[in-house]
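Residue numbering begins at 1 within each chain, and the chains themselves are lettered A, B and C in the order written.
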Amino acid sequence: MSHPTYLNTTRRGFLGGTAAASALALGDRAQAQDAPPLEEYTPEYLSAAEWAFVMAATARIIPSDGAGPGAIETRVPVFIDLQLAGDFGNAADLYMEGPFKPDAPDTLGPQSPLTPAEIYRGAIERIDAACTDEYGNVFADLDPTQQDEVLSALEEGPSTSGNTPDMAEDAGGGAPNTDGSTAFGLTPELKEFFSLLVQNTKEGYFADPMYGGNADMAAWSYIGFPGARGSYAEWVGREEDYPLGPVSISGERA
Amino acid sequence: MARTDTKRDVVIVGLGWTGAIAGIELAKEGLDILALERGPDRSTVPDFKYPDVIDELRFGIRYGYMQRPKKSTLTIRRSLDEEAMPYRRLGSFLPGDGVGGAGIHWNGQTWRPQAQEYRLRTYVEETFGADAIPEDMTIQDWGVTAEELEPYYDRFEYMAGISGQAGVVNGETIEGGNPFEPNRSRDYPLPPLAQQPDSLHFADVARQMGYHPFPRPAANASAPHVNEYGMQLGPCNYCGFCARYGCLNYSKSSPQTCVLDALKRYENFNYRVNSEVLRVNLAEDGQTATGVTYWDAEAEEEVTQPADIVILAAYSIHNVHLMLLSGIGEPYNPQTGTGTTGKNYSYQMNGGTTMFFNDRQFNPFVAAGSSGMSINDFGMEQIDYAAEGFIGGSYMTCGHSNGQPIRGIAVPEGTPNWGADWKQAVGEHYGHSTSLGSHGSNMSYRDCYLDLDPTYTDPHGRPLLRLTFDWKDNDIRMTQFMRQRIEEIVEAMEPDSWQSSYKEDGATYDVRPYQTTHNVGGAIMGESPQTSSINRFQQAWGQHNVFVLGASSFPQNIQYNPTGAVGALAYWTTDAIVNQYLPNPGPLV
Amino acid sequence: MKTFLRILGALVIVGVVALLVFIFWPVSRSAPTQVAANAPEPAEHGEYAMRLADCAACHTAEGGEPFAGGRPIESPVGTIYSANITPDPETGIGGWTLAEFRGALIDGLDEEGHHLYPAMPYTNYRGLTETDIAGLYHYFIEDLEPVRNEVPANDLPFPFDQRWGLRAWKWVAMPDVGFASGATSDDPIERGAYLVEGPGHCGACHSPRNTLFVQDGYTASDAGFLTGGVIAGWTAPALRGEDSAIAGWTAEEVAQILGTGRNAHAAINGEMALVVEDSTQYLTADDLMAVSQYLVGLDGNGANRGQEQGTPSGGLAERLLDDPATQTERILASADPGMPEGARLYLDNCGACHFVDGKGADEVFPELDGSSIVQAGEPTGLISMILHGGALPSTEARPYALRMPGFADRLSDDEVATLASFLRTAWNNEASGTVEAGAVADMRSEEGG
């Protein structure tokens, strides 16, 4: 007895075009695997000088030596460039109506009239100028020790933006209040630069690879975070190392 | 452009938890209902679909499910003489956006306040004397009792499928539950969640110290559940992406999982998204509302929507904003203490201690939003306010709600924030730390309130809401008291090292780091129109056909997460509308 | 020679005459059967009879007016469009007599005596009681508002566009008219038999068909009846015999899935979701139980796993922390990086809802261990489910239209094939044959549109 197809009414309407979006994530995976080397990457937003700065700075914020990958191997600079070119960089979600009081207390939150992308641009220009005055070279051309000196000075100068861990959700403490003088000629409009840079570097290190960083999910593998699996009911209460590597949203496995 | 639509029986502003509950309970009565939601529509598939929602950057860091400040924000100051600045980027709290509201992105911690929390001023005066209340503290009674609300808590918990272990059922104390909870008529609908080793270790130590640990009550289903509407929850798979995310697994109680598909079957219920209510319209005599005016983003026009009943079911601070913009109640004046709209904003006083156990493995990514073991031995009814010198209390919980790496990997104090040492530290300590936190009450004060900002406006040209709030000595003393208790337990847990973070003397409110989205008060319930905006049925004193649902009703903040009380009050009020108001419209008190 | 030609000529003439007689001999409609003594009034019964017969499934086009027809139905020989059965006099069935209406239901004839294509399940409806026929007639002629909707002409090539050919088909295919068992019996098994075999026309999808498209049996006494068919590339699973999809289910569980689209074992999707949405959810509790008791009484069924389920005292985590019952669960729960690729794909894509024991969760996440769709002879349903997901119907008792997302955007053809092959032999599953990537590619492009 054969099974000829009988009533083939169409039902695809309510399944909602998942196939139309198909191959999108698979495409991301292919792209990630064929990504050009970092040196050949053409930035979307950053100028050549800014790109050099971000490459150099992120390489010091998460260096390559020691255990675990660094910002460079995980392609964090690509992440930052893409973020600055997109909604984050353009402050698409932020309230950007005046009047602006950028020198208001830090604890009242960022009050700069500049978008994050503009803050990067303005701050990098001033820091490079200051480095040239101080050391005779732009930041990217300094040696690592000098670069660390500059980054430390930036950290000491303008305040942090309060990116404290919120491990204990709804039970967290406050952030240190460190209003400080501006360093490297960073005006109040630019004072958030260093904390943005550190925050964005960590974001690029740990975000899903589809955003350009965390190449090969190496940062997830390093700390033992399984990524986009989202399924651990059989592990509750088991105090043993979870051995399986991560998976990304697009289905990349490590 | 503007249009006027046909009159409805009921218009509901906001389609989150309270809007959904009011919607279905009134739809059952056959009323013609329109719910207006300013955000987009959302459902599990496609909006929270696996695995797309497991995206920390998009949702945990860039707040993909939250209100965008560009569209809706407020200004904040810490004192009457500070200039308020716009809350330009989200930080301290995260109001939800779209259908489901904050009900989609909460962790699911679902509590019942202790009985005395509803009559706090009376309780303190009776027990410790009126002098125990500082002059600038404006705490009040709610006008309802735990006994009255018990059936409505029960209803909400069974509707939402809460997982937990009862502590007191019909006067009997149950081993393993919270012995300090108010009496309940039956157990939770679902067994408690399973726990991780850090939480279990805490529970063992706490028990040895004579405390009473219990699993934190959770709106993360431990097993399948079917509720009174036939809606269903699947069991939680401990995916570790709860707060800030929609649930990928139909496991977290939300308007989507618990109400909406059942509600949408009622032909007399309709809802519109991308429809922001601009104001409530009042009759000429101001004694009733005639409906609302909203912005229809699709048609790009203002719409006047007449209605017999207006239910404000927006996020707490937005309920207050609409009332101020619409002339509902007299705006509160902090100088004179007169007026009620905007009065008694309060927040939540939290703190925590992080512990490092170098040789233990806690796999923090294995987590439900509300997993963890708690104690309530220092609850509001357990503390001698006269002896300790503060009014308040807290519950404490040990455990993880997630192991998401960008949001923060705890590293020992002194670790630099960047560089080789930071990288080494996150590698060494991920999975080997836990925290014991205090989740505490926050009293209300004369100068902590909401009004309209004189300078900044929203995209519709309306003045932004202005929040005036700071931490006060009473609550700092409370959290420091909790710190001492917690550090005693922490030492007994014998971590390799630990560090504390609690508000200290002189602390000012910092809007940048996330603290909690438990913004309460501003349209408070109470016993008299002189001291409160709404009566015990959450009905506006001045306009009997306006009801205001949500945590805006709390006269001061409870020691717990607010959703349990918000849900119970929503059922309490809709019950009063159905059984008292509809037969005989008018003031219920 | 002459004789031969003469004989041949005579034969040709006889043949042509026979053919002409075959084509033009007037058709006759079956006479009415006995009306039951306690039959309800057609006006009260009409809508319920319509639900029993699930007329909406085919006669309502997607996004179209109810019963105004025009729904395309793909047959092996071309596309047939369902008729407008609202009482519109020009484009619907307005003006049809009860006899003509009865003729369509049980003889497969329209009001002019033309043969209807067997997309209309008149071979099943042949057993309808006069009460149900009268109820249906009342519903469609009296209750419904006429809707003017000209449905497209069928798209069939010669010779399938010649309706007279159906007369021969009917000789082969048509069972006897009239229903033998007690349609109005108080015995639930007899009532269930009537509902399943008659108005419910379950056999139309759940029974195999031969090469002439004839359904293999119309009642429980026919061995092939309800032993499974294929519809729209999906397996309509066997409901009896060794491959029965409901083997071990209790009558209550069968009633639950028909009433709500879901039970502790499975969730309904695809074509059957429409059946639940338009028909079975409206059955009275008694009729639902009658259908269910009849089905569980068929060979191969019966509640032999009833006690295995039931609400566990603890939650999901406790269930999974028990000692693994199968090698598959042991591997998955180990999170061992050396596990086979299929197992890894399961953990990374499926385990979040179906869990490492493949048991899912009652009424929410279907069981994959023991699932008929997973183990179906043809894996098309399984592949389609992985690629495109599925959705449950919203029903009165269970309004939640739960959806499974598709994974077409996350899994390559090879990965879907590896995953599907893994599932077919995971836990206690015992399907034979591996799934090839080519089969996945076909379904991806077919469905991708």
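By definition in this document, a contact is a pair of C-beta atoms (placed from the backbone, for glycine too) under 8 Å apart; a residue touches a chain by one contact, two chains touch by 3 or more.
The chain lineup, named per UniProt: B = Gluconate dehydrogenase; C = Cytochrome c.
Note that the coordinates shown come from a computational prediction; the quantities given were computed from them, not determined experimentally.
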By count of C-beta pairs in contact, the leading pair of chains: A-B
Middle chain, criterion being Cα centroid separation: B
Most distant chain from chain B (Gluconate dehydrogenase), judged by the mean position of its C-alpha atoms: C
Chain A and chain C (Cytochrome c): spacing of chain centres that average the CA atoms, whole Å: 52
Distance from chain B (Gluconate dehydrogenase) to chain A - Cα centre to Cα centre, in angstrom: 30
Centroid spacing, where centroids are CA-atom means, of chain B (Gluconate dehydrogenase) and chain C (Cytochrome c) in whole angstrom: 48
Junction residues of chain C (Cytochrome c), two or more chains touched: 316-317, 321, 349, 351-352, 355, 389, 405, 410
Chain B (Gluconate dehydrogenase) residues counted as touching two or more neighbouring chains: 45-46, 50-51, 193-194, 235-239, 248-249
Contacts with 2+ other chains: residues of chain A: 229-231, 233, 235-238, 242, 247, 249
Chain C (Cytochrome c) - residues contacting chain A, complex: 57-58, 62-63, 71-76, 119, 204-205, 208-211, 213, 216, 224, 229-233, 270-271, 273-274, 316-317, 320-321, 332-337, 344, 347-349, 351-352, 355-356, 378, 387-391, 405-406, 408-412, 415, 444, 447-449
Touch list for chain C (Cytochrome c) against partner chain B (Gluconate dehydrogenase), complex: 260, 311-318, 321, 349, 351-353, 355, 361-365, 389, 394, 396-405, 410
Complex contact set, residues of chain B (Gluconate dehydrogenase) against chain A: 45-46, 50-52, 54-57, 61-63, 68-70, 73, 76-77, 83, 85-89, 91, 107, 109, 193-197, 200, 235-241, 243, 248-249, 348, 350-352, 354, 360-363, 365-366, 371, 397, 400-410, 417-420, 422-424, 426-427, 430-431, 433, 435, 437-439, 455-457, 500-503, 507-516, 518, 561
Complex contact set, residues of chain B (Gluconate dehydrogenase) against chain C (Cytochrome c): 44-46, 49-51, 163, 190-194, 221-224, 226, 229-239, 248-250, 257, 261-262, 264-265
Footprint of chain C (Cytochrome c) on chain A - complex, ascending: 1-15, 18-26, 229-231, 233-238, 242-245, 247, 249-251, 253
